[in-house]
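Below you'll find the structure, written out as structure tokens, and then a few comments.
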Amino acid sequence: MDSTLSRNPLPQVITYLAAMKLKEIAQKLNCELRGAANVEISGLAGIEEAQSNHLTFVSNPKYFRLVKETKAGAIILGPDGPETSIPALVSQNPYLTFALAIELFYSPPEPIPGIHPTAWVAETAELGDDYSIGANVVIEDSVRLGKRAVIHPNVTIYPHAQIGNDFLAHSNSVVREHCQLGDRVILQNGAVVGADGFGFAPREDKSYYKMVQSGRVVLEDDVEIGANACVDRATIGETRIGKGTKIDNLVQIGHGSRVGQHNVLAAQVGLAGTSHIGNHVMLGGQVGIAGHLTVGDGVVATAQTGIARSVKPGALISGTPEMNSSLWKKNYILMHDFPELVKTIKRLSQEVEELKSQQTEQTKI
Amino acid sequence: MDSTLSRNPLPQVITYLAAMKLKEIAQKLNCELRGAANVEISGLAGIEEAQSNHLTFVSNPKYFRLVKETKAGAIILGPDGPETSIPALVSQNPYLTFALAIELFYSPPEPIPGIHPTAWVAETAELGDDYSIGANVVIEDSVRLGKRAVIHPNVTIYPHAQIGNDFLAHSNSVVREHCQLGDRVILQNGAVVGADGFGFAPREDKSYYKMVQSGRVVLEDDVEIGANACVDRATIGETRIGKGTKIDNLVQIGHGSRVGQHNVLAAQVGLAGTSHIGNHVMLGGQVGIAGHLTVGDGVVATAQTGIARSVKPGALISGTPEMNSSLWKKNYILMHDFPELVKTIKRLSQEVEELKSQQTEQTKI
Amino acid sequence: MDSTLSRNPLPQVITYLAAMKLKEIAQKLNCELRGAANVEISGLAGIEEAQSNHLTFVSNPKYFRLVKETKAGAIILGPDGPETSIPALVSQNPYLTFALAIELFYSPPEPIPGIHPTAWVAETAELGDDYSIGANVVIEDSVRLGKRAVIHPNVTIYPHAQIGNDFLAHSNSVVREHCQLGDRVILQNGAVVGADGFGFAPREDKSYYKMVQSGRVVLEDDVEIGANACVDRATIGETRIGKGTKIDNLVQIGHGSRVGQHNVLAAQVGLAGTSHIGNHVMLGGQVGIAGHLTVGDGVVATAQTGIARSVKPGALISGTPEMNSSLWKKNYILMHDFPELVKTIKRLSQEVEELKSQQTEQTKI
């Protein structure tokens, strides 16, 4: 393993590009341009913060009303977007075009090619070409790493991990032994892939015996794991995160779970062991899922939902335990009058009692 | 401190053992064997995933019905287990036996003896025999470490920490100054033992003054702390985790808390400061406990429970704030008809009003 | 960059000071002393744990009753504090005085001046005077660091970060590229400042396109970030934490959020992207805040509150979604009788039905 210092002693340049004319941006983003082609744009901003040198966007009809008030120099909008007096770029997907526009104005510091002299790469590790291995990185025995890996300082890759091309690992992230990562996987800082699952066998004296966690984690292509998030290895077999699924910070994925493709798990979500999640699922922040159950394709759970039973595809759910979101909202509103309701019921009980006794009286008559 | 490189340049062997005959497994696990002794077993699997070369198990009567359908080559079950046509190993504790069986087929990569050349061990640190200190580990002044410590890369142990025998610390875990750890303590990746408690004194101008956190953390024997979990040091005195207690990933233990023995705290549980938890307690995922209260022995709290008051021993609780689980479930089911209920009450109010006015009429008559 | 070893090979002294006489403590803390001036005090303790050699305090009238029973050698209390037979120090702010008293008896291990030989500091980084840079620390290109920085082992500071004076970073914490930190900022172990925000643009095929996170994080003066907590960089612009705000362990601050001054965010709180929080706000443990909303000055949210809408200044809120805390408590108590209530309503329905039919009968008569 070549461990020669190949780091550039010069400062990294902050790659804020100079201002561009709108027509140039339109060309690069492949958008139809409406209005003044020569507006100078020097950056991007949200529709409410934008100034005359900014390009902004509008996608959600909910915000169309803000277009009249924006101070932006130009706006990205859809073919069915609102009327506007400012120059516009027309896109089938304004939000995606906005994302691409950011890349015209900013890119993160360039990774420094080579292996930093303080990094430790085991002799038995195999690295693809064009890597950037940062300071104090540790790559252990028999690791296999694809091309163009960018590994920031203080990352640890345990023995026998197998990782695809274009791996990006931020500082303090970890890939544990035998785990398998596809292409273009991103680990944010402190992400832990493959720590031991939480598996213990109770003994007769009520103490717990630690079960060796013999399984591994598989992250398919294009998965991103957020800062300090954890994906536990399986007791036996594997924990699998499907292609394109994005996992936010501080999320917990329990051992043996199977998460499908192109899901979005917001911060602090927790999946107990052996959860099975379909594709295109969206879990809001702090959602919890009990173990050994199945969440169908396209399910959306609002923040803090506690999923205690399997959920059918396409359901929109809320509450702990979960229920249909619209019922949950209705109940929430009604709960504001709950104390009054209880009083009403007490009053009704009395009144009915009185009515009954009066009726008895009358019947006697 | 001996800092000689004693690392093996050869690849670690993946220790999946070759297939074994069932009779050999029965012998090693000390189980009675029923049925064909010569079945070849090459690994373990859950009852639904198992194939003909796998050993599986059944423990919970809830899953007895699956025994008829399993494709497993053999099964571990209890003396009162279900009838089965496949070869069986009989155990008093099938789940524990299954845990032991895993160890026949898999063991994690062997730690490399010695101190890695990139590790830093302070001269004043005392290490017991037979250690494995990984790359870039930092062991600071006056640390005392027992025998057979296995410390993975990028771990930091602050000054004056005292740690027992058979310590296992995964990469990026931390033990802060003056903390005390018993024997056989395990820290998963990124676990933090002894960070400052969240203690601030409000000043007259509504700003906060940081209180020096002079206390420490004590982890008793056989405690395991999950990945990126945090156990805060006490402001004064100690935060203590009792013998055999297992703490899952991303759990927060507030300063000055006392957690008893053989508890199980699932992922993302949070204990505010000065929580007192008994023994044999089970807290489900994302449970929160307010500070300055007591949770009795044997309490079970289901996932996401918010414990706001002290809880008597043996209680089974749910909800925020907590209540008896069976009441909570009953309420949950009834809440599905809550909008109907509210309508019914409104209707009843009207009807009672009418009845009253009619009765008044009749009385007049 | 000077990388000479300047570490002291001698063990750090545990700085528990010897016992002090109460009059000496009174003098140092600038308090009026009532009672025996010569009591020997060797440490501090809570009012229930304190022994005769301890100084304790009482601040909250709720605990005044404990003063009669305490075994403490002396007590800090307010001018309107309870009667006591033990020696007392009188303070306008007993809790703050207690905090200051801790510092008389304990201080953490002294940082070792200089740069540890295993640390890596880029040539283009600028460091203020009097630093302590620990083992395996990585400080990358063009970082600017103020005076008196104390950086513990395995910390990574990415290129172009700008950090004020008196920075304290515990092991494994991270400051990402371009982030700006004020004076006296503290990062506990594993804290991540500036990881990528969770921003993805949906494509037509339902996959997600990662948006470059071009913004940064700004932490103003006197901010503290807890262990393994995460403050995400903004997609564009900045995520900002106001002066003096204290953030506990495992908290998530979403991209583009603005958190005001002197707030207290307890452990495991989660803020979705673009949350706007005022000043002097207190969020209990595991509180969640949905994105794109505003929480006014002085709001207090109890633990596990789920804030789904903007909240007016000064509100005291609870529940998911949030409601007025007193209503929420009332409902909680009433829910204990909910099954009975439902039965009552069913009974009433029947009785009213009977009354109606009887009345009809009578009317016929």
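Note that the chains are named A, B and C in the order they appear, and that numbering of residues resets to 1 at the start of each chain.
Keep in mind that, in the parts below, contacts are C-beta pairs under 8 Å (C-beta built on N, C-alpha and C of every residue); 3 or more make two chains touch, one makes a residue touch a chain.
Worth saying up front: this structure is predicted, and the values here are computed from it rather than measured.
> List every chain that touches both subunit A and subunit B.
Both subunit A and subunit B are touched by C, going by the contact rule given at the top.
> Have a look at where subunit A meets subunit C and say same if over half of the interface residue numbers show up on both copies, different if under half do.
different
> What is the distance in Å between the mean C-alpha positions of subunit A and subunit C?
Once rounded, the distance between the two centres reads 25 Å.
> Two or more other chains touching the same residue: where does that happen in subunit C?
Correct list: 118, 136, 154, 172, 190, 228, 250, 268, 286, 304, 320, 345, 348, 352, 355, 359, 362.
> Help me check something: in the complex, which residues belonging to subunit B touch subunit A?
9-12, 14, 43-46, 49, 92-93, 95-96, 98-99, 102-103, 105-109, 116, 118, 134-136, 152-154, 170-172, 186, 188-190, 222, 224, 226-228, 244, 246, 248-250, 262, 264, 266-268, 280, 284-286, 303-304, 319-320, 332, 335-336, 338-339, 342, 345, 348-349, 352, 355-356, 359, 362-363
> Would you tell me which residues of subunit B are touching subunit C in their complex?
118, 120, 122-124, 136, 138, 140-142, 154, 156, 158-160, 172, 174, 176-178, 190, 192, 195-196, 198-204, 206-212, 214, 228, 230, 232, 235-237, 250, 252, 254, 268, 270, 272, 286, 288, 290, 304, 306, 308, 320-321, 323, 327, 330-331, 334, 337, 341, 344-345, 348, 351-352, 355, 358-359, 362
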